[in-house]
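Each of the next two complexes has chain A plus one other chain: chain B in the first, chain C in the second.
Moving on to the complex of A and B:
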């Protein structure tokens, strides 16, 4: 199981080496963590490809695809390694870091890993959507002798056959040639991603702001009891939270450096997001639009970097496009029957229900007041969020996304809005929390001409 | 230079508030840990779909079987039971309400309904487990 995570890490690292070549703009530790995220996305896509070609689970074919890709990436990255071979021990030393604060930080993350494992002991099979949808589909992928397309046609509608399959393919890849029971795989995936969100927040902020506030942000997220509970529920929300946060970090890095390499990696992450959940498609569209808007009138002067961005996004969006076009049935939740006649009978009461539920959710004690403090911190810093270029883009994302979610909830006529809010609102705002904390800490601590990342 | 020191009052306030929350979180985390520790004294691990455990050995060769229930599947408890059944019996697909299959899983509150339905369908019970779940085979 851990071997497959390592293989993905290597693939991701080789990919980032080819992207950045001699000019890395990210710190080594952050590069390593993003390599793992990118590598997992690549592994998921290779696993998906094997199912498209061979219809059922063929682990040897999946490993073959990985082997071929590894060879190609290694040959592409080899010139860079040859040039910088002597620097590798220095880079590793810098990554491990022997300063006391960094050592204490890693001890903290290790303790948190143990605590996260203990939290999962309360729900080792996860929650409803885990055994009702995500892990169920993983079981089908691994065990079924029938073509995997049966997932989309014959399963009960409760299993949401229109949902993309990033998490089931991820668990299928991690299972690999393992002879163990399937049960621990999604459990450990959830634990790893829970911790990864906290560490990514810390390392991502470290790219732009000083250590102590960066650490407090990561600790704030990772020690939140409800975040730990929801992240270990074995849903795909923690994955989308992770990749959205990675997208935010890379968006800021890209807009700061204006390097085609940064935009390329940013595009890759956005593409992966679209294959995790349907919300990922919305997030990708909004972040792409906001990136273009941030260029303003100078957008045509940056054609080259935008070309690389759209190339990467296009490449990693192809699996989602294929999935939505040829495999998945239509989604019944998002703006179904968007006919004028339905809008005439729009119930504004739904809007009231939505805002009331959102308020109740954000002020609920289970969140340990994190939303109250976070939103207060945002309000106190509003001028900076509106007038500073990079903060504005990230802030507008939350505003636009909030209204998009409101529109989706209030225009759906298939299911009761109260039930839908009760079962999904907490998860939606949970997936936004890491990115929101990134925005808050970044806006408070970064200086407009920050030299930390050079 | 010590760049990590807050420079403005807002930054100081911000850092103090969020540090307090981190400490509070760490203390609050103890409660779910205690709850989980107590829970594990009674049940070693979370159990789902125990009512259907063992049935998968008999259904694993069937790609799809029927699922019949005399209860309302919109009800949360019954919906959960269906989800549990589907998870335990996967990769066998449970075709809810469609009884045109060789095997049918009856998940009924009143067993008399099961026997009545089996008679209608000319089906014979293939397996009945201790929880009253009946796997029937159509002739």
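Moving on to the complex of A and C:
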């Protein structure tokens, strides 16, 4: 199981080496963590490819694809390694350095790993959608002798056959040649991603702000008990939270450095997000639009970097496009009955229910007041969020996304809105929490070029 | 200076919240550990007995009178689908060799067995029955 995570890490690291060559703009530890995220995305796509070609689970073919890609990436990265061979031990040393604060940080994350594992004791098989949808589909991928298209056409529609299959393919890849029971695989995937969100928040902020507030942000997220509970529910929401946070980090890095390499990696992450959940497609569209808007009138002067961005996004969006075009049935929940008569009858009441439920959810004590803290911090810093270029884009994402979610909830007439909010709203806002904390701490601590007027 | 004051407030609030979070995480973990049921089994354990008999079977009918709406969370149907995967369970479709009967009361089970002329081949202690047609 851990071997496959390592293989993905190596693939991702080789990919980032080829992208950045001699000009890395990210710190080594962040590069390593993003390598793992990118590598997992690549492994998921290779697994998906093997199912498209061979219809059922063929682990040897999945490993063959990984081997071929590894060779190609290694040959591509070899010139860079040859030039910087002597620096590799220094990079590794810098990553696993011996300064006291960093040592304490890594001890903290190790303790948190144990605590996160203990949190899962309350739901080792995950929550409802874990066994009713995600792990169910994983079982079909791994065990069925029938073509995997059965998942989309023959399972009951309550299993959401239109949902992308990032998490089931991820668990399928991690299972690999393992002869163990299936049960630990999604459990450990959830634990690893839970911790990875906290570490990514810390390392991502470390790229832009001092060490101590970066650590406080990561610790604040990772120690939140309800965040831990939701993240270990074995749903795909923690994956989308992780990749959205990675997208935020890379968006800020890209807009700061204006390097084609950063935009390329940013495009890759956005593409992966679209294959995790349907919300990922919305997030990708909003972040792409906000990136273009941030260039303003100078957008045509940066054609080269945008070309790399759209190239990467296009490449990693192809699997989602294939999935939505040829495999998945239409989604029942998003604007299914967009008829004026229905909207006139339901709109106001649904809006009222939505806003009331959102308020109740954000102020509920189960969140240990993290939302009250976050929204207060946003309000106190509102001028900077609106007027500063990089913060504005990230802040507008949350505003637009909130109204998009409101529109989806209030225009659906398939199921009771109260039930839908009760069963899904916590998960929707949970996936936004890492990125929101990133925005808050980044906006307070980073030093923009023109600070004098603030 | 104003920024520094806001920053200080946010830092203090965040630093206060961390041990608060850790305390409630500890409470949650202790509560779970004290309530652990050694007999706890995976979702769909009520149908686990049928796994051997249904190995290699592509489709099975799942007959039930329980509420199968999303709001009422599908009764036990999705749990059965999970534990018996990759066998596909077709809800309330009796055009299959094997049928699983899951009803709210045993009288309904007996009624369906008699009406459809079924022969029970296995059952669990949870009033779930696996049956085939008598004339097969």
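In this text, the second predicted complex is superposed on the first by the 440 of 454 C-alpha atoms of A that agree within 3 Å, B and C clash if a C-alpha of one lies under 4 Å from a C-alpha of the other, contacts with A are read in each partner's own complex, and residues count from 1 in each chain.
Basically, a contact is a pair of C-beta atoms (placed from the backbone, for glycine too) under 8 Å apart; a residue touches a chain by one contact, two chains touch by 3 or more.
It should be emphasised that the depicted structure is a prediction, and the values quoted were computed from it without experimental measurement.
**Q** Will chain C clash with chain B on chain A after the two structures are superposed, or do they fit?
**A** The answer is clash.
**Q** Identify the partner contact of A:359: answer first if only chain B is touched, second if only chain C is, both if each is, neither if none is.
**A** In the superposition, A:359 touches no partner, neither chain B nor chain C.
**Q** So, does A:326 touch the first partner chain B, the second partner chain C, both, or neither?
**A** A:326 contacts neither chain B nor chain C.
**Q** Would you sort A:210 into first (chain B), second (chain C), both or neither based on which partner it touches?
**A** A:210 sits against chain B, while chain C stays out of touch.
**Q** State whether A:132 touches chain B only (first), chain C only (second), both chains, or neither.
**A** Both partners.
**Q** A:403 contacts which: chain B (first), chain C (second), both, neither?
**A** So A:403 meets neither chain B nor chain C here.
**Q** Touch test for A:81: chain B only (first), chain C only (second), both, or neither?
**A** neither
**Q** Now for A:416: first (chain B), second (chain C), both, or neither, which partner does it touch?
**A** After superposition on chain A, A:416 lies in contact with chain C alone.
**Q** Need the overlap of the two footprints on chain A, from chain B and from chain C, as residue ranges.
**A** In the superposed arrangement, which is not itself an observed complex, chain A uses residues 115, 118-119, 121-122, 125, 128, 131-132, 135-136, 139-140, 143-146, 150, 154-156, 158-159, 213, 216-217, 219-220, 223-225, 228-229, 368-370, 373, 377, 380-381, 444-445 for both chain B and chain C.
**Q** Which residues, counting only chain A, touch chain C once they are in their complex?
**A** Listed in rising order, the residues are 115, 118-119, 121-122, 125, 128, 131-132, 135-136, 139-140, 143-146, 150, 154-156, 158-159, 183, 213, 216-217, 219-220, 223-225, 228-229, 368-370, 373, 376-377, 380-381, 415-416, 419, 440, 444-445, 454.
**Q** Residues of chain C touching chain A in their complex?
**A** Against chain A, chain C makes touches at 3, 6-7, 9-11, 13-15, 17-18, 20-22, 24-25, 28-29, 31-33, 36, 42-44, 56, 58-59, 70-71, 73-74, 77-79, 81-82, 85-86, 88-89, 91.
**Q** Sort out for me which residues of chain A touch chain B in the complex.
**A** 115, 118-119, 121-125, 128, 131-132, 135-136, 139-140, 143-146, 150, 154-156, 158-159, 210-213, 216-217, 219-220, 223-225, 228-229, 368-370, 373, 377, 380-381, 444-445
**Q** Help me check something: in the complex, which residues belonging to chain B touch chain A?
**A** Residues of chain B touching chain A: 3-4, 10-11, 14-15, 17-19, 21-22, 24-26, 28-29, 31-33, 35-36, 39-40, 45-46, 48-49, 63-64, 79-80, 82-84, 86-87, 90-91, 93-96.
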